[in-house]
Amino acid sequence: MDTHEHVAGAGGTSRIILGPNQYGKAEVRLVKVTRDTARHHLEDLSITSQLHGDFAAAHTEGNNAHVVATDTQKNTIYAFARDGVGSPEAFLLRLAEHFTSSFDWVTGGRWAAEQYFWNRINGHDHAFSKDKSEVRTAVLLVDGGRQHLVAGISGLTVLKTTGSEFHGFPRDRYTTLAETTDRILATDVTAKWRYAGTGVPDFNAVYASVRAELLDAFANTHSLALQQSMFQMGRAVLEAHPEIAEVRLSLPNNHHFPVDLEPFGLDNPGEVFFAADRPYGLIEAAVLREDSAAADPVWNTIAGFC
Amino acid sequence: MDTHEHVAGAGGTSRIILGPNQYGKAEVRLVKVTRDTARHHLEDLSITSQLHGDFAAAHTEGNNAHVVATDTQKNTIYAFARDGVGSPEAFLLRLAEHFTSSFDWVTGGRWAAEQYFWNRINGHDHAFSKDKSEVRTAVLLVDGGRQHLVAGISGLTVLKTTGSEFHGFPRDRYTTLAETTDRILATDVTAKWRYAGTGVPDFNAVYASVRAELLDAFANTHSLALQQSMFQMGRAVLEAHPEIAEVRLSLPNNHHFPVDLEPFGLDNPGEVFFAADRPYGLIEAAVLREDSAAADPVWNTIAGFC
Amino acid sequence: MDTHEHVAGAGGTSRIILGPNQYGKAEVRLVKVTRDTARHHLEDLSITSQLHGDFAAAHTEGNNAHVVATDTQKNTIYAFARDGVGSPEAFLLRLAEHFTSSFDWVTGGRWAAEQYFWNRINGHDHAFSKDKSEVRTAVLLVDGGRQHLVAGISGLTVLKTTGSEFHGFPRDRYTTLAETTDRILATDVTAKWRYAGTGVPDFNAVYASVRAELLDAFANTHSLALQQSMFQMGRAVLEAHPEIAEVRLSLPNNHHFPVDLEPFGLDNPGEVFFAADRPYGLIEAAVLREDSAAADPVWNTIAGFC
Amino acid sequence: MDTHEHVAGAGGTSRIILGPNQYGKAEVRLVKVTRDTARHHLEDLSITSQLHGDFAAAHTEGNNAHVVATDTQKNTIYAFARDGVGSPEAFLLRLAEHFTSSFDWVTGGRWAAEQYFWNRINGHDHAFSKDKSEVRTAVLLVDGGRQHLVAGISGLTVLKTTGSEFHGFPRDRYTTLAETTDRILATDVTAKWRYAGTGVPDFNAVYASVRAELLDAFANTHSLALQQSMFQMGRAVLEAHPEIAEVRLSLPNNHHFPVDLEPFGLDNPGEVFFAADRPYGLIEAAVLREDSAAADPVWNTIAGFC
């Protein structure tokens, strides 16, 4: 099979070839009820499965002999859910094992999940209300025989009404911003943490702990810059979790501008704010262990953050 | 001032006139921090102000002598917030009183608010995380000297894993749905309740109570139809709150279809579901007191629901 | 059947009753291909069907004997589409006729459609690209034996870079806005027009014409207020279309603020603008024929605009 | 300055360090009117500026001496726009040159733009309607003294009513999908193309041409797999544009399922379809010149697609 095409002309004689590729089924909405007792348990996820491997003939010839149908990938997700989900990470590991072991030409893939949370209504056995305050995420990339497992949280919106300053920044001809020693600091936390390995006994417990660490560090850091809060958040996670090698954070600075009430004969001592939509600051960084910095080139070379 | 235009031709000689109209500023994002002690309080709202009255000249001649600028309406909202918000309903009543008493030609208006909720992070004095599970709403319509006050909740997503049946419905040539005695029942609650009057001592307490009544009724009604759950939800609110004259509910039926696992040699005793996006059922009704049914023709004649 | 419940206590002895209600299936995504020749035709809609009638027993007792399943309503939509759609209005009229004539207890209903547009790719016979610049809408309300038919357009975003002024507005203690004789005027047009009757020969032709009238009136009105542009837009539609009794418009004022470049030593003669998200102005009005003002109380009493 | 922190305990004694980071202002909404003649021109963009360099002290100490404020970045964007935008790519190159040359510690950055399109209303000099059918994108990454420039298109939704087959795929125990020789093929095109260098005379002309090539290839490829259409789309771009080194495509397979009308006594010869929301197929690949495959490791190692 030849995936290459000779091209003459302006572009020279270099061949046009197929580069990296992946395909599958996205956002498979799975709700799993565990009802072995009268006290039901509920798991709610959106799962994406994409395969890597030798799919060149589909691209260049429309030959589907290797194309495990995306519908088949969807069916597999539902069938595997019959045995339970457990955690997004564990479920993705099961899917990856299945696809890479079942088809010779599937050498890896990318599996991802979002999980949504529900609370019992007054402790009810089978009635729940959805907790929309955050989404739990997980991505498993299998490449060259290695598993790269990243868990995350997204959309966790937090705000401090004080304990945030911003001053000492350089001023050039385009600088008009005033310095401040007291401002609102607000952000939507998107965090992703890379596990050093996949042998984590309880992914759900780690998730709950990381979430708590992020919230605590945000709340309790007296902030001279959102960058400082961010670094403390990442460090807190790493200090509490030796199984995590790296944390990446993407934090918008959701600006809250104090409204000038002077034209109306009123003061405004940090009480009345306009919450702006756009533009917003966007602060992103990786926090990692020094000895893991070079350990996972696939993830370290990802230029995008979250 | 003549708002009418004579039109000849196909449409006859009837004049084209200005009908009902309103204008103002929408979605004014207001964050109010109350910081008289070290324990800060946070109120987060989106407020819309629209005026009714004699604005015909602006429409027909571009004469703005009566047009209280939408920017002025925005400024007024922020200036009034300096004294605190208290509750969406109380704040809208203040705004309405101001605009209708300050400008002779303003005879009424429509004021609306959304309120967003925040929880303290571990009881922190000034750090909060946003609770996105619902939005609180309020609308105040002032028309003909009367105040029509409606409060509401939207986006409260709930689900029961059992305790829901659906059977006994008529079958015609287009009916293929199977009957069921056990299904997932899930919806996003949008409710609006009309107050009999505006003299409610504590709107926030009523909100919390109505929310609890809605959740309890949903959870504890063994449901033979989403209509039945809905009516019980509305009735529970009215029974608990004599100050409320009517409740309107708009409930999508968020379908969760059991996945057929038989092709894979598996059973599926109500455990694995596909959560569908569209289409969805849409069930809407008003529940009200018999003696208030004719009491508020403005609201009773609203054809739309929520 | 008794839809009433006696309630004692705080609310007095008034009974709690079921008020107006409707139910059905929402957002049925229908794509119809007409392929009787090699030149295919494509219709793409989202259709909602809701029934009115005697459904009290479902609410009060969970008795579904009258509940035409929402799944059946969906099936009916797809089955009827086999004969073609034609226009949203014509299709909704067919659905309404079917449901009100097939079930004794169905006295009316609300049927609604959105239509999405596609253009041929270079005139291709069967390849299309989606035109997302607007959505066509239609609502048919059948109530008390009368048909109320409203067509519309939504999301049509327009902008003028000049030819818009705003001055002469009243100034109070909360007014800070400067007057201007040259500003950007931008809005997203949502318009709904009520047909005097349903006997319109070609709804598609009317839609195209109304769209053109709205665009022309917006473009060619030198605007002293968005209200003035709006009224001219409505009037243009009524003058061109005797079969239309009323137009309702809901127009956000999408603010474009000139950026102050003076701190950077630059002028800004109406060239560089910040396009704000929120808040925005919101200008709404009905424009109608004088002799039709009282002709349709159901629609005239709708307080909401679009 | 020490960005490292010694950590003892479970995680070992490895230090926790700051990894890759970037920060700036996101989604600066810029509208530029060029009005040197009565025929105005309109450019509408959302621009993001993020800096790379030595910002460690902000993270570890809250020292902002190097932190060019995000507000300053926003001001710079507006000030530069006074001289015109031209094209997203050219504008990003100007911004990058400014920031990397003005501050010693700024070694690179990521600049991104979205551009929105407007059409003249009937050729009007200063009235426009927005064309929402697609968004133009551009990203400029400056890293290690090299410029990596990627342009793109997103949200371009296309559909073929025939000329698409899917069969010959492998069947395992989870496969239930039927083969088909005639189906609807629909997708939302997200494409990104990497320029071999930044010396492109007319980025706008290339954009228009690439868009046309993508549409033509989609329309005119008889498709045995969406992968095949995708590869032809990428190849067409590369064949027409020697200045482009690589194209990455991310194409959802927007499923349109034929509705089974047999229960209603009707056939359905490819005429009536349900357009599903989720799940959807997701097909992604890079198409590139063989001699450029290893030329840009920064971009080639990006695991994510679009």
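Here the chain labels run A, B, C and D in written order, and each chain numbers its own residues starting at 1.
Quick note on the criterion: contacts are C-beta pairs under 8 Å (C-beta built on N, C-alpha and C of every residue); 3 or more make two chains touch, one makes a residue touch a chain.
These figures come from a predicted structure and were not determined experimentally.
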item	value
Neighbouring chains shared between subunit A and subunit B, ordered by label	C, D
Partner chains that subunit B and subunit C have in common	A, D
Chain at maximum distance from subunit C, centres defined as averaged CA atoms	A
Degree value of the rotation bringing subunit C onto subunit D, based on Cα positions, nearest 5	180
Chain centre separation in whole Å, for subunit D relative to subunit C (CA means)	33
Length of the line joining the C-alpha centres of subunit A and subunit D, rounded to whole Å	19
Intercentroid distance (Cα basis), subunit D paired with subunit B, Å	37
Multi-partner residues of subunit D (at least 2 other chains)	29, 75, 79, 174, 176, 263-264, 277-278
Residues on subunit C engaged by subunit B in the complex (per definition of touch)	4-5, 7, 9-12, 14-29, 46, 48, 50, 55, 58-72, 74-76, 79, 102-103, 110, 141, 143, 166-172, 174-177, 223-225, 227-228, 230-231, 234-235, 238-239, 241-242, 246, 248, 252-253, 278-293, 297-305
Complex interface listing, subunit B residues touching subunit A	29-35, 40, 42, 44, 75, 78-79, 81-82, 118, 121-122, 124, 126-133, 155-163, 184, 215-216, 218-220, 256, 259, 261, 263-264, 266-277
Contacting residues of subunit B [partner subunit D, same complex]	173-174, 176, 263-265, 277-278
